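Labels run A, B, C and D following the written order; every chain starts at residue 1.
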Amino acid sequence: MIVVMKKGASREEIQHIIERVEALGLKAHPIFGTERTVIAAIGEKRDEHRQSLESGPGVAEVVPILAPYKVASREVKAESTVIRVGSLTVGDAHVGMIAGPCSVENEEQTLSTARAVKAAGATALRGGAFKPRTSPYSFQGLKEDGLKILATARAETGLAVVTEVMSENDVKLVARYADVLQIGARNMQNYRLLEAVGGEGKPVLLKRGPSASLDELLLAAEYVLNAGNPNVMLCERGIRTFESHTRFSLALASVPYLHDRTHLPVVVDPSHGTGHTALVARMAAASIAAGADGLIIEVHPDPETALSDGYQSLTFKQFVDLMILCRKVAAAMDRLI
Amino acid sequence: MIVVMKKGASREEIQHIIERVEALGLKAHPIFGTERTVIAAIGEKRDEHRQSLESGPGVAEVVPILAPYKVASREVKAESTVIRVGSLTVGDAHVGMIAGPCSVENEEQTLSTARAVKAAGATALRGGAFKPRTSPYSFQGLKEDGLKILATARAETGLAVVTEVMSENDVKLVARYADVLQIGARNMQNYRLLEAVGGEGKPVLLKRGPSASLDELLLAAEYVLNAGNPNVMLCERGIRTFESHTRFSLALASVPYLHDRTHLPVVVDPSHGTGHTALVARMAAASIAAGADGLIIEVHPDPETALSDGYQSLTFKQFVDLMILCRKVAAAMDRLI
Amino acid sequence: MIVVMKKGASREEIQHIIERVEALGLKAHPIFGTERTVIAAIGEKRDEHRQSLESGPGVAEVVPILAPYKVASREVKAESTVIRVGSLTVGDAHVGMIAGPCSVENEEQTLSTARAVKAAGATALRGGAFKPRTSPYSFQGLKEDGLKILATARAETGLAVVTEVMSENDVKLVARYADVLQIGARNMQNYRLLEAVGGEGKPVLLKRGPSASLDELLLAAEYVLNAGNPNVMLCERGIRTFESHTRFSLALASVPYLHDRTHLPVVVDPSHGTGHTALVARMAAASIAAGADGLIIEVHPDPETALSDGYQSLTFKQFVDLMILCRKVAAAMDRLI
Amino acid sequence: MIVVMKKGASREEIQHIIERVEALGLKAHPIFGTERTVIAAIGEKRDEHRQSLESGPGVAEVVPILAPYKVASREVKAESTVIRVGSLTVGDAHVGMIAGPCSVENEEQTLSTARAVKAAGATALRGGAFKPRTSPYSFQGLKEDGLKILATARAETGLAVVTEVMSENDVKLVARYADVLQIGARNMQNYRLLEAVGGEGKPVLLKRGPSASLDELLLAAEYVLNAGNPNVMLCERGIRTFESHTRFSLALASVPYLHDRTHLPVVVDPSHGTGHTALVARMAAASIAAGADGLIIEVHPDPETALSDGYQSLTFKQFVDLMILCRKVAAAMDRLI
């Protein structure tokens, strides 16, 4: 890292920081510029000691040079990670298509959706049994009964099941039924939960928090990777901005940016990313053009009566149209759906 | 709520929505405007059914009229809630002053800080034993050993102890030592944790997530209140914006806004809210002028060697200066510190 | 619009607002709900009187129902506007490809770029002669000399010229040389400038300000349209958010959203929208998949020595690759480049 | 500045960048770290050449060390600038109180307001004659007639007049009547306008754009200062964020931050910064506690009938209450109103 001294920092202050850097086991390399002195601190694997230098006397700021994450970094593992679980492949030439209802409401709703999305070409089924809801008055999910319905849908259709786990205490239970454990955006920095899914054998779909930087997303992934689970898919689902015409802002440059920095595959959620049924298909196509390795899409037999997220769910017919569009774009990008 | 139909919505579409509204047990009241038809839905306590109407045919949008929260609302309880626990009073004429280190590092560091902040006039001690850290490589806290040190500091100084709990599984443990259970910004929507602290008897300090709207903060409080715990302090600690000169943006209008909408007291954290030692005292003073019922401030014997957040921690001397300033402003506002 | 009264608003307050609404020439339609009274105000073409009602006694808020813009609205003109000027068509099946240097630096640099982008398939040339620069110490453009160079490039290549005008006093001058008058993001709400380009016969490329809402963008377009110029292209170029890995956040859902609300064509600028050469091609492809009617791309013979924006400019070779990719995606979307 | 090379940058790439740095007249100082090579470029007054190095081969990023602004910097002029014009002093111990209507509507409205704010202790009169309005359908101001009314109000009350100029072509006209030329937030980067007011002798009140960084604000001030006008007041008026309960987010830490970096005084606008009458007084008090050198406040004889911004304007009575509160807080801060 680079410690930038204030203009007019005294000789003693500069010497003090040099000693502090060396006390941290690093080599201090001062550079006396025209206007300011900067001190390069050499020898770290990450800029861990940044914070402790920032409050030193005469220090203006400390500029990190190294990425804060390690195991997730493409510098450590150049080859892209591909996740394969049952019917679902995410990464490589494959664009995984995960589709299904926001919430598992009952067997009929879930099975009919599973059949419809399978017929249209989806390669995995999504559906929430444990639902994190902003309001305590909203439908909270069927819990284990919902997981059983998902398992039934997998048995019938062969689709791998992606479903959210909200509590470290439910990880074992959800892992018994699910193929992929989803960590929701609200829990991206619930570290006990990240460690718990890191200790399971099942792949993890890690959603970006709505105000998380990409470094923070990768550090959250690092919690899972460090706990022993190498199969993490990152999921871009939109960030919170001043723009209110969409539910979140789906800024897709994160896809090529992440591909440059990490070997982990990137899935996009255009349903939450836009919050409006009418915008989902276009943004699904755009996601694939941006290089997404997978999509996760909300589909419901009758969005108008959905217990959650109906305003962003597609009908079966709309999902078929989306698949047709996405397949054309995927072909243009030399990807397979 | 008000259902706004699209321009040119058909008679059938309008009729369909009227029937949907009535099927929800509400009274539908259509208004035929010059440009559009809107349908008022009357009879709810909250606009719960908004989502389900939003995907109806011909619907442009659904506009909520009622606040989504209930128990936290000043409309339900006009009188301001005052939290009193040991040495700490938050609300009423009192501005609670919670100060201490970011992390409990060892007994000497914590006790010396407790003595110093007590001498300067703080009314509670903060200090993290369980530390949620963005990076898995950062110091994660002393856990139960840290809680014991906090209890020792309380025994010696008489200061009430405010400390974070990160996992629903640790709630009982933390509640054994703490006077106030802090929910960190990253866990504001960790609903299982909110329910768990809602089931304890201890007051809760609930920090706003960096991209949480004020409605979402109040709904998170509602999870705690509904679980049976009426003693919730809201904590404004800055939101994430494009501004990068400060760690977060401490937009203090949330203080008078919240006072208008809720009976719960509002605490401000100018340490996280700014992220720079040099800005803390001014923003502490500004918080009191904005009407804050309490402040929570990071103080460390030697910020340069702190294991976390040194760049935003005050020295003992700086904290004394802050207290002098805050007392003058509090007096101007007819508040007591 | 809908006036929402506070809970507990008095009979007199409600009566007062009804009278105020009627004094505005509107019909007041009160609805007495379970919790609150709302008053619908009927008869407007736009919700112009919203502000004046918001400060009435007992009023909680005023909810607009109608879009604030009119002439730009698809409700007023259902058929999409297509802009045709010289070699450039934006809208219809055509995706206009506008490419060239950030700044016109000299004749050789501009002509070589014009030839290269033309050969690769661009349909218009961009290049700045008047440069709005954040810093007064940065290169400010060649001004009229730059315009002459652009005209020379058009004469040689046949490419229509798109260039920025920064001052109402320069509109006549720039219009003498340019085919399309560009309004930069910093000037999106420079109303005297908008009116001035509205009075010219040349098409306008109106860039979205980095914190402008889409309604504000459409109202800015409305200033141009109302001044008599129907040929406005909207340009999405990224918004300012907390995300710092990209220069701006290019949230492409604005493309289908705008297509739904306005008949004006939408161009995307992935160069400013990302700020990094490495991200431009993917986001160009994504823009087309999202439905963009045109792209505007920075290309430079030697980005490393560019006087402005080198870090986001493509080399000739990179632009050829981008064109190949974009053509494939355009074909998948049934569009022509 | 510091050029950070990519991990694995080749010897040739590093040598190339060293040569590029030296070709810019700077001294290149390479540091070979454990993971990466960085090259310090020494000798600049500002990091002007940053952009041109960012697109070099093997370059990961270029980190600026020096502030981009110069004349506005406290490093160049340590002593705080104080603006004195007629009845108004901004800076030093004085907190300038600028108050008046959003728009000049007629003589009676403006004069009665001027008398009322003067009686309450205001030291300058605000009022818009040229109004930049988001919608072309909104009231656009009385123009020169409005300026004349302001001059009449000054003649009667002795209050200095602060009013906005929107066009470079109106600068002479406005300067004939006004004591302080206001640049609105929408025009913060209208460089021709900044240069034009820089060429006038009258002090300038420069409002921060809603998505402008503080560096951008200071660079905008630098355009005015460099044109020869040293009397610039910066004005914080809130930034645009996801928070929708307030019109903008008034993050007051910019006040002490700016005081640390620049010698220019800082005025706060809590009327636009909050957008709600009920929040103005508290945020005015908070602004003074944060160290503001002045406030600018909207006041109207009858906010309900105001032609603009009624929802954030104070009545005369509310302004008196605000002054009483602000005087108490100012006294606590050792400031004078």
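As a convention for this text, a contact is a pair of C-beta atoms (placed from the backbone, for glycine too) under 8 Å apart; a residue touches a chain by one contact, two chains touch by 3 or more.
Keep in mind that what you see is a predicted model, and the values were worked out from it rather than measured.
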item: Steps in the shortest chain-to-chain touch route ending at chain D and beginning at chain B; value: 1
item: Pair joined by the larger number of C-beta contacts - B-C, A-B; value: A-B
item: Chain whose average C-alpha position is farthest from chain D's own; value: A
item: Gap in Å, rounded to a whole number, between the CA centres of chain C and chain A; value: 31
item: Centroid distance [mean C-alpha coordinates] between chain C and chain B, Å; value: 38
item: Inter-centroid spacing, chain B versus chain A (mean Cα positions, whole Å); value: 26
item: Where chain C touches two or more other chains, by residue; value: 211, 239-242, 244
item: Parts of chain A lying in touch with chain B, wherever the complex brings them together; value: 20, 46, 48, 51-57, 68-70, 132-138, 166-169, 186-187, 189-192, 209-211, 216, 219, 222-223, 226, 239-240, 277, 303-311, 313
item: Complex contact set, residues of chain C against chain B; value: 2, 4, 7-8, 29, 31-36, 38, 40, 42-45, 63, 65-66, 75, 240-242, 244
item: Complex contact set, residues of chain C against chain A; value: 211, 213-215, 238-239, 241-246, 249-257, 260, 273-274, 276, 278-279, 282-283, 285-291, 325, 328-329, 331-333
